[in-house]
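Look for subunit A in each of the two complexes below; its partner is subunit B in the first and subunit C in the second.
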Partner chain A sequence: MSENKKIGSTYSIPIGPVHPALKEPILFTFKMNGELVEEVDFAPGECHRGIEWMGMRRNPVQIVHLTDRICGICGVSHSLAFARAVEQIAEIEVPERAHYVRTIIAEYERLQSHLLWAGVAAHELGFDTLFFLAWRVREESMDVIEYLTGNRVNYGIVQVGGVRRDFTEDQFPRIEASLKYYEDVAGKLLNLFLEDRTIQMRCKNTGVMSEKEALELCTVGPTARASGLAMDVRYDSPYAAYGDLDFTPVLPHQYLGLTNGDVYDRIVVRLLEVVQSVDLIRQCLENMPSGEVLWEKKYPKILAACKKATGEAVGRIEAPRGECLHYVRMDGNTNPQCWKVKASTYSNQMSWLNMLKGEQIADIPIVVASIDPCMSCTDRVAVVHGERTDILTKADLHRLSVEKTRRLAQWS
Partner chain B sequence: MSFLPAIPEVLRQFFKRPATNLFPAKYLPSSVTKYLKSVQEGNAAINPPVETPPNFRGKILYDRDTCIGCKLCIRVCPANAIEFLPDTKKVRIFVTQCIFCSQCNDACPVDALHMSDEFLLADEDRYSENMIVE
Partner chain C sequence: MRLTKAFNRSLWVFHLNTGSCNGCDIEIVATLTPRYDPERFGIKLVGSPKHADVLLVSGPVTRLMVDRVRRVYEQMADPKVVMGIGSCMSGGVFYDSYSLAGPLEEIIPVDVFVPGCPPRPEAIIDGVVKAIAKLERLEGEGK
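Up next, the complex of A and B:
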């Protein structure tokens, strides 16, 4: 009897904050029963950099480039959400062409983010061949982004009242070439990821989240869509040029015929969104109106308009990982009175608790990665409990070491 | 092989050229500092980096004579990397602080600021001559 009890007893394993299996700094504590996860707890807040604090000491024209640095992957999402919030407060009307430029760059960002995720997912499964292939395919979108905006990451293209750079006709052939490349490679990608026996074995029925759970846990983006919830900010409340484009949210049953809400479905949704993004960029290029791309070319006028503005607004956009929300309040000063960032992972992270329950240790990396977590987007607060500090200086460590030696000497 | 579609793809990749540009050397030298020294002496040649795209934002260029000291660049700089020099009414830019957004270039009313193609900016001293533009 006592032996049985021993087998049934639980133990806990900590994973993180820095761990090779996690691509983001976060601390997980798993209560295990044998190989199976019984309970999960996690502690975010390891990546807090005080960006909002910095923002409240700068004017909106400065902040818009600070938002680029919130996340390395979804650079344009944050600046777009922030610019939309400020534009609403200051009642700035963005030129129509700027909306199209914003849409094109946002879709390129989705392309590269989803392909990056696909590579990371393959890597978490131990399938590094596919990881390198996926990142090779991703490189094409990075090259186009670099060609259009000047840099691979931190594009710096969004400005309050429009965009800073126009896409000219002579740049279109390069964009068209990349779209052609992705159309050619899409079938191969779907085949490599979805028909592979290893991926099917590891991802099907792993990390399952039902439609009801997804709704109750307020998940957003591809994580919610993979569970069958048809929600997409681009479709539900269109911004930029999405109102003019013809598309519907991607759901797994469109490809598979049914929705399971497992990791496999999340791969399906993200890969199909790559195909959708190519189509959206093509639609943008075809319907692009002519005209200005910035509401006001003279910077002192933009600064003055932002200073005059009073009120509060919310900028919502669909980042590659889900809904990204920026709340800004201006009170007639140069700097905003309040700026709050809510990234998509903040909404998605609670789904880990349900997804990980009952899974094996070996599945933890892929299930954690399946919501495409981004802690640098999410971490807005760092909580420190109590007043006791545990900083051990060299002198303290030396003292402890000496004490231990003496203790051991006494025992032996 | 229908259940392992990656295998034919891997075999195909064997005969393709590597996608990575090997910079600065084709094979990892036993000592990077020694290698760079021999490049300086002209004994070895550097494998060139990938070309920078048009509109690339590298190290900032400052045209001191054109500058009128209007301070607009200081107001739009997100990183507070630009310092005003009241004696001469010109500015000083700290490259280590700069985040390469080129917003000051757009804002400048007399076009005194530009972005160069230079991106290899590592230095041991953040206040060295190379890291301060004035």
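Up next, the complex of A and C:
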């Protein structure tokens, strides 16, 4: 205690797991020197629900609905990545039209996710008017998503072998109206977010990550692109209908003329991607082929094809937050032998440690938010070691151990 | 609608994520934004449980969060209402998971459940209205 009273000595501030600045539970510990952050540590895991474990006890058609619930914001990305992995193993060919439907819904998801993030970023800066405005603009995409899929969140539209609902011609005018709405409002949003003096003062040269650091820390998605790395799974290894579409990864220098890798650049990238998504959806509508949207309408047949399949595959998707990767191994049973999810925040979160060093306490919320963290995507593994017995108690471990022994005894 | 004496002016809400998938959380925030505008009824999100009248709990309550849920509940001043948001309050799609300690009502008393995966903003507002009605009834019975 006496050490803490000395001027210039460090002290630590815990933030979380329940804290108004955090929308999701995660525990940060900041070692501070005066106003400046000296060291950062974080302990995720509060969102761990054992989804992979549950998935390995269910069949692929059931898992698709579980993948939707990995994350309520980027659910389509997870279900799409999982479906692509299973389709590769079972050699299921997805109809061309289904690829386009998947692309349209994935881009709508990116639209709503980036606008959501823009609102949260404004809120973290204390600019609540802009927060409310961004979320009001976002409601338009939520309306279209509900119109197309039947639900605002957790759409449940992707299925192994295609999609569960088709987008018909009479729905196109509503989609077109929303695209027009976003084109009209895009200039206003760019102006409000990028020309505002408060946002410029708070975000420029805050949370800087150089291109080299971004590469070394294996960051993905908008976080990497904001530091000048031209990487985008949609562009680098096209999936769904992205191979047919005309676009290039969004980089901050396209708008600003230079790349700083700060929070401001991350705002630029995400807002420009909103504009890009509108363009991609329009291209999809123009080139949409006709035909079926599901490889096989009868689910037992899909399941039979999955059951016959053996092998392993990786499904890679550009989620709104970056690359999302699903590894699946099938061994001739209805349930996968192995299923591993690597969400985008898992790759991005280590960049916090570098970004936050030397920043002030007041900048913590915006820098933490700037990578668009999603803990429910990321918390995949329960850490059970050392003194962290609060995750699983000794009695629980003992019970699990006994159960596993019994299971193994039954099999042998 | 006349609110109870205790909630004379407005209901202040504290949101607690107990390991949810974000779906309910963004719908709760969407509920609070201008499209639905519950602030016209005085419903407002606050940063501390000590200021709140209503505790909105989303998520299936993971083992790590059990203690935090109890502590947040205990920190709230009486009278208080607990609302469980989302189907995974009772397990839902995560019913057979090993890392869940729910259902929520076994940890803290719950007054209103709002089912749905996730519930629509209208459903959440409806849940708050039901919570007010319940409080009025309790007050009428002198509890």
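Just so it is clear, the second predicted complex is superposed on the first by the 378 of 412 C-alpha atoms of A that agree within 3 Å, B and C clash if a C-alpha of one lies under 4 Å from a C-alpha of the other, contacts with A are read in each partner's own complex, and residues count from 1 in each chain.
Definition applied: a contact is a pair of C-beta atoms (placed from the backbone, for glycine too) under 8 Å apart; a residue touches a chain by one contact, two chains touch by 3 or more.
Keep in mind that what you see is a predicted model, and the values were worked out from it rather than measured.
Visitor: Quick one: subunit B or subunit C, who's touching more of subunit A?
Guide: Subunit A has more residues touched by C than by the other partner.
Visitor: Can A:V269 be said to touch subunit B (first), subunit C (second), both, or neither?
Guide: Neither partner.
Visitor: Now for A:P25: first (subunit B), second (subunit C), both, or neither, which partner does it touch?
Guide: A:P25 contacts subunit C only, not subunit B.
Visitor: Which holds for A:L217: it touches subunit B only (first), subunit C only (second), both, or neither?
Guide: It touches nothing on subunit B or subunit C.
Visitor: Looking at the overlay, does A:L192 come into contact with subunit B only (first), subunit C only (second), both, or neither?
Guide: A:L192 contacts subunit B only, not subunit C.
Visitor: Quick check for you: in the superposed arrangement, does A:V250 touch first (subunit B), second (subunit C), both or neither?
Guide: Touch status of A:V250: no partner.
Visitor: Scan A:G150 for contacts with subunit B and subunit C and give back first, second, both or neither.
Guide: Touch status of A:G150: first partner only.
Visitor: Looking at A:P300 after the superposition, I want to know if it touches subunit B, subunit C, both of them or none. Which is it: first, second, both, neither?
Guide: The first partner, subunit B, only.
Visitor: Figure out whether A:R136 sits in contact with subunit B (first) or subunit C (second), or with both, or with neither.
Guide: Both partners, subunit B and subunit C.
Visitor: Who does A:A369 touch here: subunit B (first), subunit C (second), both, or neither?
Guide: neither
Visitor: Do subunit B and subunit C land on any of the same subunit A residues, and which?
Guide: Residues 65-66, 69, 136, 139, 154 of subunit A touch both subunit B and subunit C.
Visitor: Quick check on the complex: what are the subunit A residues that touch subunit C?
Guide: 17-18, 20, 23-25, 45-51, 53-54, 57, 65-66, 69-73, 75, 116, 119, 131-132, 135-136, 138-139, 142, 152-154, 374, 376, 379, 382, 390-392, 396, 400
Visitor: Mind listing the subunit C positions that touch subunit A in their complex?
Guide: 16-27, 29-30, 33-35, 46-48, 59-60, 62-65, 67-68, 72, 88, 93-94, 96-100, 117-118, 120
Visitor: Give every residue of subunit A touching subunit B within the complex, in rising order.
Guide: Residues 58-59, 61-66, 68-69, 127, 129-130, 133, 136, 139, 146-147, 149-151, 154, 156, 164-165, 188, 191-192, 195-198, 299-300, 303 of subunit A touch subunit B in their complex.
Visitor: Which positions of subunit B touch subunit A when the two form their complex?
Guide: Residues 2-6, 9-10, 13, 19, 53-57, 72, 75-78, 99-103, 106-107.
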